[in-house]
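Down below are the structures I want you to see.
In the two complexes below, subunit A is the common chain; its partner is subunit B in one and subunit C in the other.
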Partner chain A sequence: MYWYKSWCEIRTVILLGIASIAVACLFIVFHQQSMRDQASEPTTYVALVWKAVYDSFVFDIFFILSIVLGSDGLLHEKTIGTSGFTLALPVSRRRILLTRAFVGYCAVLAMALTPAIVLPLCSRFSGQHYSAAQALGFSLLWGCCGSIFYAYTFLLAHLMEGEHSAILVAITSLMAYRFLMAIPWLTHVPMLNIFGIVNGEDMPFFNESTHLLVGPMPWLALLVVLFIASVFVFLAVRRMETMDF
Partner chain B sequence: MLWYKVWRESSVRFLISAASIAGVCLVRVLFEHRFFPDVAHERPGVHNYIQYLYWTIFGAGGRGLLQLSCLLLGLGGLQRDRKQNTLGFTLALPIRRPRLVMTRALVGYLQVFALSLLPPFIVWTTSPLVHQSMPLSYGLNFLPFWTIGGFATFSITFLCSVLFTGEYTALAVGSVSYFFYIIVCQSVNPFRLYPLHVAEFMGGRLGNVIDANTLLWTGNSSFTLLAGFTLAAITIIAACTFITTRQDL
Partner chain C sequence: MSLERIIQTEELTKHYGAFKAVQQLNCGVRSGRITGFLGRNGAGKSSTIKMLLGMIKPTSGGGTVLGHRIDDPKESLEIRRRIAYVGEDKGLYGYMTVEQLIWFTRSFYTDWRPEIEKRLLKHYRLPLDRKVKALSKGMRTKLALLLALSRSPILLILDEPTEGLDPISIEELVQTLMGAPREGTTVFFSSHQLAEVERIADDILMIDQGRSVLDMPLEQIRENYRRVTFGFADHPPALPSNFDGIERTRMNGRQITILASHNTEAIVQLGRERNAVNIDVSPLGLREIFLETVQEPDHLGKQEHHDVLV
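For the complex of A and B:
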C-alpha cells in the first residue's frame, strides 16, 4: 500500500524524467550531423554522444531530476500539512522513509537506464552505431552516482524545513565539492571525484580520445558510493524517528 | 502587506541563493591562485584575471547558479497555495488575482536584481585581498543582462507553477523545459541563427557586446537584446496573470 502511495506522489516527476531524457537522447541522435558540423573541431558520433548525453545536456537533466526526486519527504509533508495523514497510517516512520527512498531510487535507476535503451536502438535509424555495452556501462555509472545525488538531497530534505531549501543547498554544496576536487593534492585520487566517475572523465577506465569505456569498471568505488548513499538514507531515517511531530 | 507576504514565502530561497552566489564568488576570488591553472587549461583563451573571472563567475559558474536560483524563485503561482491548502486565505484577501500575480512577479524581479548585484560588489571588494583588481564598472555592466536574463528564466518556472498543481512537477517541468530551450537554441538551425539563448545573453556573448577574445566590453549597443528579453519576460508574466484570472482554483 505504502509503495503505491510513494509511487503516486512522485510518478509525474518520474515519468517526466524518463520522457525528457528519452526525448533529449532522440533529439541528439537525430540532430547529430548538424551538431557535429557546428563543433569547433572534427567530432565522431561517439564523442558527440559522450559530450551531449553523458557530459552535459542529458546529464544535467538527470542530475537536476535526481535532486528534485530526493527533495520530497516527511518534513515537506509537515510543511504542507499532510504529515498527519501519513503518520496516521499503521506503518513505522522507518518503513515510510525506507519505502520512499527505495521508490525514489528506483526512479533514479529508471532514468539512468533510459539512454541505454534509446541510444543503441535509435542510432541505427540515423545510420550510426552506438554499442549497447557502452551505454549500459554509463547507465551503471549514472545509477550508482545518481544514488548519492538522490540520497544526499533526501538527507537534506529531512534536515531543513524551508521550501526548496534542500534543492538549493544540495546543488550549492555539490558545486563546492566539485571545486574542492580541483585542488591539486585531491586530483591525485581521481576516485574521490564523483563527477569524474559518473561520466568517466580523467578516469583510468575511460579513453579520452575514443570517448569509450575501456578498462574494468571501478567496482570498489561504486560500492563505496552506494554504501555512502545508504548511510545518508539511514541518517535521514534516524533524524525522523527522533523528531517530535 | 501583500509584498511582505510574498517576501516571507520566498525569503528562505532568496537568502540561500544569495549565500550560494556570494560563496561561489568568494571561493573563486580568494582561491584564484589554485583555480587559475585549471581554468586556463580548460579554456585556452584565459590569460588574465578578468578572463578568469568571466569564465568562473560572470559568464559561467556564478551565472549558472543565478539561473538556478531564478528557476527556484519562480515557483510562486497560486497552484502552490492550493497544494499547501492556503489558497482560501490568499484568495480571501481583498485583492484581485492579477494584483497577486503581479506582486509575486515584482518581488521576484527585485530579488533577481538583488542577486545580480552581489557578484560585482563581492569581486570588486575582495580582489585586492589576493593582489588582483577588477574595475567595478566591468562587473556592473553585467547587471542589466543578469537582471533581465534572470527575470526571463524566473518567468519560465513562474508560468509552470501557474499551470501545474504539483510543487515538484512545476520545478521539474520548468527545469526540463529550460534545458530543452537551451539545446534547441544551440543546435537547431532556424533558432540558432537568432539571439534567443538566454545564458549567452546573460554572459554578454550575444550581439558581440563582449569581445570573444579579450572578454572586455566592446561598447556595442545592446538595447534591442535587452528590450527583446524584457518583452519576452513581460509577455510570460502577462500570460500567467491571464491564466490565473481564468483558473477555477
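For the complex of A and C:
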C-alpha cells in the first residue's frame, strides 16, 4: 500500500502536469493557423507542432515537472517532519524509495504520453493531420529522457536537505549541461546530448526538413539513458539506507 | 510470549561527530510493565528510541527489542511490525484525511483491531473526513495514538506523548496507558511530565548525558530513596568516600544534604558518629530525585554550596 502514499504526494503535480501539457497542446493545435501566419518563414503544421511542442514550450513544461516530481522523497519528509512516521512503518527504506521512484516515473510517463493522445486526436478538429506513430515516437523519447531528469533530481533530493534545493540545483546543472553540449567538439558526439535525443534535433533518426522521426529509434542510447537513471535511483537508495533520521 | 526484558541494550552508544548523544547505555524494559524514560532535553532519550526503531544506527554496542537485534535491518522490520510508536513530533501526512491515514496505516498490519479503532475514533471525536493538516496538535496526537493503539501491540513506544495536549486529553491518555498492560501491551514512554510519570509508571529509567543514572521500579525508588540532612554545630566534617547508598552529597554552610538510594539507617548512623546535632530524613518524590540526579550542582538554587561526591 505504500504506492498509495506516493500517489497522494504527487497526484496534484501529475494532474496539473497532464492538464498543463494537454491545454498547451490544444492551444497550439487550435491556434496553429495564426501561429504559422506570424512565423518568419513558411511553416508546415508538422514543423509547427515540432517547434512548439517538442522543441520548446510544451517540452519545457514537461522538463520542469519531471524535475519537480523527482524532488520529493525521504529527505524532504525529514524536513517537513513526517519521516518518523514513515520509518516506523514495517517497510524497508529500499522499498520506500523504489516505490516512490516507480510511482514518480509512472507520472513522468503519463505526462510524456499526453501529447501522443492529444495531438493526433485534436488535429482532426482543426482540419490537420498529425501521425499517431510520430507522436508516440516522441513520447518514447520523452519517456526515456525524462527518466534522467527525474532520477537525477531524485538523487539530488536524497543528497541535500532543504525545501527547494534539489529543484534549483537540478535545473541549474541541467542547463549548464545543455550549454556544455553546444561546445563544437562535443557536437561531434550528438548522442551525448540528452536534449538532442529528446526532440531529435541533429540526430540521424530525425529529418530536419520534414520535422519527422525517420529510421530506427536510438534504442541503444535510450537503454543507456534508462540505465543511468536506474543508477541514480540506486545511489539514492544506498544513501538513504545508511542515513540517520 | 513472555519476555523478562522486552527491550535490552548493551553498551549502546551513539555519537554525532564529537557530540556523544548516548554513551554505553545498559538498560532493560520489563515485559508487561509501564516504564517511564526520563532525562533532560538532549539527554539522549530520542536518540535511544530511534536506535531501538532502526531509524539511526548505533556507533557501537547494540540491543534487542522482542529478541530481535536493533542493528540488523531485517530484524528491525520485524520489530516495527510488532510494536507501535508515537514520535515526538507526531508528524503525520497532512495531505491525507483522517480516514485515508487510518486505512493506509491499517494496510501494513495483520493485527489491526477494528473494534479498538472504532472505540477510539468515538472516544477521541476525530473527524474522518478532515485533512490531517487541518487538525489541531492535540487532535493529531490523538490520531497518532489511535494508529498505535488500534493494534494492541506487544510494545508501545511513545516519545513525549503528552506534549501539546490539554489537561483533559492528558488524563485520557494516562488512563489509556494505565490500561495497556491489561491488554498485554508493554509501555515505554519518555516524558517531562514527572507528575504523570509518577502516577502511571511501574519502572523508571533515567538517563543523563547519554548514560543510565537510574533504572529501578518506582516502588523500590519510593521505598529506598531518602534525603538525609545533617546539621552540625561547627564546620561539617568530611564524609568517607564511596559510602554504600550515598548517591550525591551537597555541603551548604554547616549542613550536609545527602541523596540516599538505600542504606539509610547506616547513613544516619554515620551522621551520629560525626556528631551531627540535627538529623533529618525525608522521603523524596520523583521530581526531587530527578532534579537531584540530573541537574548540575550550580543550578540547584542553593547558595554557597559545593558538591562533594563521597
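Here, the second predicted complex is superposed on the first by the 245 of 245 C-alpha atoms of A that agree within 3 Å, B and C clash if a C-alpha of one lies under 4 Å from a C-alpha of the other, contacts with A are read in each partner's own complex, and residues count from 1 in each chain.
One rule holds in what follows: a residue touches a chain if its C-beta (ideal position, glycine included) is under 8 Å from a C-beta of that chain, and two chains touch if they have at least 3 such contacts.
What you see is a predicted model, and the numbers here were worked out from it, not measured in a lab.
After superposition on subunit A, the partners subunit B and subunit C are seen to fit next to each other with no clash. Contacts of A:57 after superposition: subunit B is touched, whereas subunit C is not reached.
Applying the stated contact rule after C-alpha superposition, one finds that A:89 touches subunit C and leaves subunit B untouched. Judged by the touch definition given at the top, the superposed model places A:172 against subunit B, while subunit C stays out of reach. By the touch criterion defined above, A:242 reaches subunit C but does not reach subunit B. Shared-chain residue A:80: touches subunit B and subunit C both. Using the contact criterion defined above for the overlaid structures, shared-chain residue A:34 touches subunit B, although it does not reach subunit C. Contact with subunit C, but none with subunit B, is seen for A:4 once the two complexes are overlaid on the shared chain.
For the superposed model, the angle subtended at the Cα centre of subunit A by subunit B and subunit C works out to 80 degrees in steps of 10.
By the document's definition of touching, of the two partners only subunit B reaches A:65; subunit C does not. Touch counts on subunit A: comparing subunit C and subunit B, the chain ahead is B. Of the two partner chains placed around the shared chain by superposition, subunit B is the only one that A:182 touches, whereas subunit C remains out of contact. Put simply, the nearest alpha carbons of subunit B and subunit C end up 7 Å apart when the two models share chain A.
Comparing the two complexes, residues 80-81 of subunit A contact subunit B in one case and subunit C in the other.
Those residues of subunit B that touch subunit A in the complex are listed here as 9, 12-13, 16-17, 19-20, 23-24, 27, 31, 34-35, 38, 61, 65, 68-69, 72, 75, 83-85, 166-169, 171-173, 175-176, 179-180, 182-183, 187-189, 192.
If you check the complex, the residues on subunit A that touch subunit C are 1, 4-5, 8-9, 80-85, 87-92, 241-242, 244-245. Across the interface of their complex, subunit B is touched by residues 10, 12-13, 16-17, 20, 23-24, 27-28, 31, 34-35, 38, 57, 60-61, 64-65, 68-69, 71-72, 79-81, 162-165, 167-169, 171-172, 175-176, 179, 182-184 of subunit A. Subunit C makes touch with subunit A in their complex at residues 16, 50, 53-57, 73, 77-78, 80-81, 85, 87-89, 91-96, 100, 104-105, 107-109, 144.
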